Amino acid sequence: MRLLFLGDVMGRAGRDAVAERLPDMIERYRFDFVIVNGENASHGRGITEAHYELLRDAGADVVTLGDHAFDQRELMTAIERHDTLIRPINFPPGAPGRGATMITGRNGHQVLVVNALGRVFMPPMDDPFRAVDNAIARCPLGEQADAIVVDFHAEATSEMQGMGHYLDGRVSLVVGTHTHIPTSDHRILRGGTGLMSDAGMCGDYDSVIGMELEEPLNRFVTGLATARFTPSEGEATLCGVAIETDRASGLCTQIQPVRVGGSLSQALPQF
Amino acid sequence: MRLLFLGDVMGRAGRDAVAERLPDMIERYRFDFVIVNGENASHGRGITEAHYELLRDAGADVVTLGDHAFDQRELMTAIERHDTLIRPINFPPGAPGRGATMITGRNGHQVLVVNALGRVFMPPMDDPFRAVDNAIARCPLGEQADAIVVDFHAEATSEMQGMGHYLDGRVSLVVGTHTHIPTSDHRILRGGTGLMSDAGMCGDYDSVIGMELEEPLNRFVTGLATARFTPSEGEATLCGVAIETDRASGLCTQIQPVRVGGSLSQALPQF
Amino acid sequence: MRLLFLGDVMGRAGRDAVAERLPDMIERYRFDFVIVNGENASHGRGITEAHYELLRDAGADVVTLGDHAFDQRELMTAIERHDTLIRPINFPPGAPGRGATMITGRNGHQVLVVNALGRVFMPPMDDPFRAVDNAIARCPLGEQADAIVVDFHAEATSEMQGMGHYLDGRVSLVVGTHTHIPTSDHRILRGGTGLMSDAGMCGDYDSVIGMELEEPLNRFVTGLATARFTPSEGEATLCGVAIETDRASGLCTQIQPVRVGGSLSQALPQF
Amino acid sequence: MRLLFLGDVMGRAGRDAVAERLPDMIERYRFDFVIVNGENASHGRGITEAHYELLRDAGADVVTLGDHAFDQRELMTAIERHDTLIRPINFPPGAPGRGATMITGRNGHQVLVVNALGRVFMPPMDDPFRAVDNAIARCPLGEQADAIVVDFHAEATSEMQGMGHYLDGRVSLVVGTHTHIPTSDHRILRGGTGLMSDAGMCGDYDSVIGMELEEPLNRFVTGLATARFTPSEGEATLCGVAIETDRASGLCTQIQPVRVGGSLSQALPQF
């Protein structure tokens, strides 16, 4: 099967790009399943239920989140209403929503999606390695699940690579989000798992990771905050990764970067 | 002119790849100038004078460093002997060596290379923005310098993007090192500066950022250190970025990723 | 001469305690000079000009600040109007206000007060060691200055102790602020400098470092923010340190903790 | 009953002070139970089995640890042999040793001791709040346990205060270790739990948190490491806290700081 994963949708620019381009891409490349990280969809901070629905309408089968999961306070209750909207699995027990979901795709495939937060250079959180381990143990790849995708929302490349190798052979894809910059280390590990350190964001790259230049530059140079951060509204690059998986094993057979529109070099799946 | 920048050379695997491949690349693509980050060349920790010379022999015009600059203690004195070996410019005054160097390339071009350390998620250091500013103010691009390359050794993508935009129009290239994972956000900013968040490492990617899998995985999973980190010795991917600059302005006219050998997808300059 | 230093004034509880108790303390112990850290005086976040004046009216000769210096945006201009209100000296050049001030006390003593920010576990900032060094070099203790007090606003005890020993013999007192918890390591170092790792806050200790319990506990336990932090308004303990200095050398001859009111054990100077 | 808690024993200076002074203190103040944090007992890094036994011989009923728990590699197996030697409870499952222990004191009291690691400004670890919660739920205070002491090995005062209030009414004492500087915020919270943010170290305070001055100062000033840290060997101050608990409830009725010997101001229990 063919899956598409898109990284952090950043504000209006990111939402618009997803709404405009995703439906065509799904049709053109016949993606069986689409996952979109929406943690910055609403003003760069979290996601409202309405914007979640906008991403779903555009073709996202599952929307994942990150450290900004509940920045839009309404999501604390809204998340309970949607089994296709997940937050990091390694919040402490009792957090609203769930961290993994098994969904049937448009062509009948069973896909397990897990979202987890890294801990290196990030706030304290439960152990992501054990949390993901538990989630995939319940529906093993190639048995209950036709594909398993882990969105590991992490800062440090070491932790990202660690998670990839830790899960190698047991999931279809480990893909990072959170740094808002796409990496070009997409590859298939020895055990058959696809790995890409960061999907990049769906946002305007003529910015500081999606925010208008002025205030971030001001803070770096003066050490003082004088205004809020504002999402940059130039044309977004849709960033992510596309994979093909083996019908029987669920492992990754192809992995290709996706970068469409905006100011980054363009990349489209070759399958 | 054409420049090649290669990211953190990691241990023996990285050194071997540079020694084997760099001479051919220089010839084939007619690079006028080559910069190599060598902060992990010796056992993954710093660089000895002998390994610095090995990189020079392979074609590096300038070798840059990073947070591991002086891990090999001998470099504290050795660095003073080489004007083509620089350490981050924003160490406190009095640190051995220098943080910027103006070198004449093989075809007569004057190239200013500056190395700086980021501070987000990294140990305290002097302000890299002011430090780089001062260095480039003394030999402006298009006047004394035919090209200016800034190796910004940083962890956070926000600081990286900030530095790129801060220097836009004033240097030829801002390229990140340190995360050991290449990014695919290479582009030319509005002012004409080439930017790429991380060049990636020259090392074996079947690893955790260049280190053999076992101990990093053990630490992530158990929280306990039980052994040292050992550089991984599989075939390295040579990672970096190639640019072309404008003869008059020194600004970037082309920017292309380079990934050669090893387990990453391959990329060669198209010019 | 006798000096009193009071730590971070925290919201209304802290301001009230200073206003009510400081005038009596100055009279009773015949303090020649009083320094108050006011970085949390206004709602726990920064200080307004009006609250600065309230602290001055209560007897503060100099008000120091910290990482929250400019949380009340009005201070960016107001600070320029007051030579008895200082912010950390190691902000980048160009920051509003100044980081050191020489003031004549009520009994004619010349006192140099320097404020600096630590960098360990804190945001990037200029080097505090060099910055303080420069400030005290201009008016040496026992010559231009009858006393020199350094308020080192720092998180890590290692950096705090480092600063104390670094300045030993050159200033009267190095006192920490920022952790909001008073330490009992007040002592006179070999060179004659008084050192205390943290003065503690002037605030309600039936709290989480001055904030009402509920939201901090909620965040520690659930990992989620659900409300803002609110300064706790129970009775404050006035926390700080009192020293006596040698008339000729300006070095510290006595150092004693001060804890008055509220829920902490009480301590008053014994001289 | 009367309990004594002593903070991080630092190298030879700390061990000697414990060996020389603790037996007398136990006799003089009739302590029913003594807990000593030994995480830096051996060369400042971890503890050997022999040094653990030295602390036991001096009168420690239980020895606790911290982030340096297994710096002496032999402890990974040795810890299994001793139910009076515990490491932080919030290591991932499978770590050697245990994080809580119920011990019968010399006068027949049942004391539960729990050791936990903070996570703010510290490496990733399991949730200490839940971990401690679980440990004390199994033997509630005033029922199975005559006293419960929690050694919370933490950097940030906010997390420390949070833990104190979180456990208020459910344990006899929450005491911090790790910063190596004693605090003077010892008090009894509303629910009856004694709290002190940091016990301080048992070590030579004419140092940078127990290490000889030269190398720490060098690193702060130059940003470069040029030597190892060496424990300072001047006379140690024995630092800690003494409490009395209520026979029936097990809650804290008295809390007093202890500082004996060395360069800090002296404090002895007044009961």
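Per-chain numbering from 1; labels A, B, C and D assigned in written order.
As a convention for this text, contacts are C-beta pairs under 8 Å (C-beta built on N, C-alpha and C of every residue); 3 or more make two chains touch, one makes a residue touch a chain.
The model shown is predicted, which means the values in this text are computed figures rather than measured ones.
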| item | value |
| --- | --- |
| Common touching chains of chain B and chain A | C, D |
| Type of chain B:chain D copy interface by residue overlap (half), same or different | same |
| Intercentroid distance (Cα basis), chain D paired with chain C, Å | 29 |
| Separation of mean Cα positions, chain D and chain A [Å, integer] | 43 |
| Per-residue multi-chain contacts in chain C, two or more chains | 92, 124-125, 130, 221 |
| Graph class of chain-chain contacts, one of line, ring, star, complete, other | complete |
| Chain A residues touching chain D - in the complex, by the definition given at the top | 92-93, 119-120, 124-127, 130 |
| Contacting residues of chain D [partner chain B, same complex] | 70, 73, 76, 91-92, 94-95, 123-126, 221-226 |
| Complex contacts: residues of chain B adjacent to chain A | 121, 129-130, 155-163, 165-166, 179-187, 189-190, 197-198, 200, 205-209, 213, 216-217, 220-221, 257, 259, 263-265, 267 |
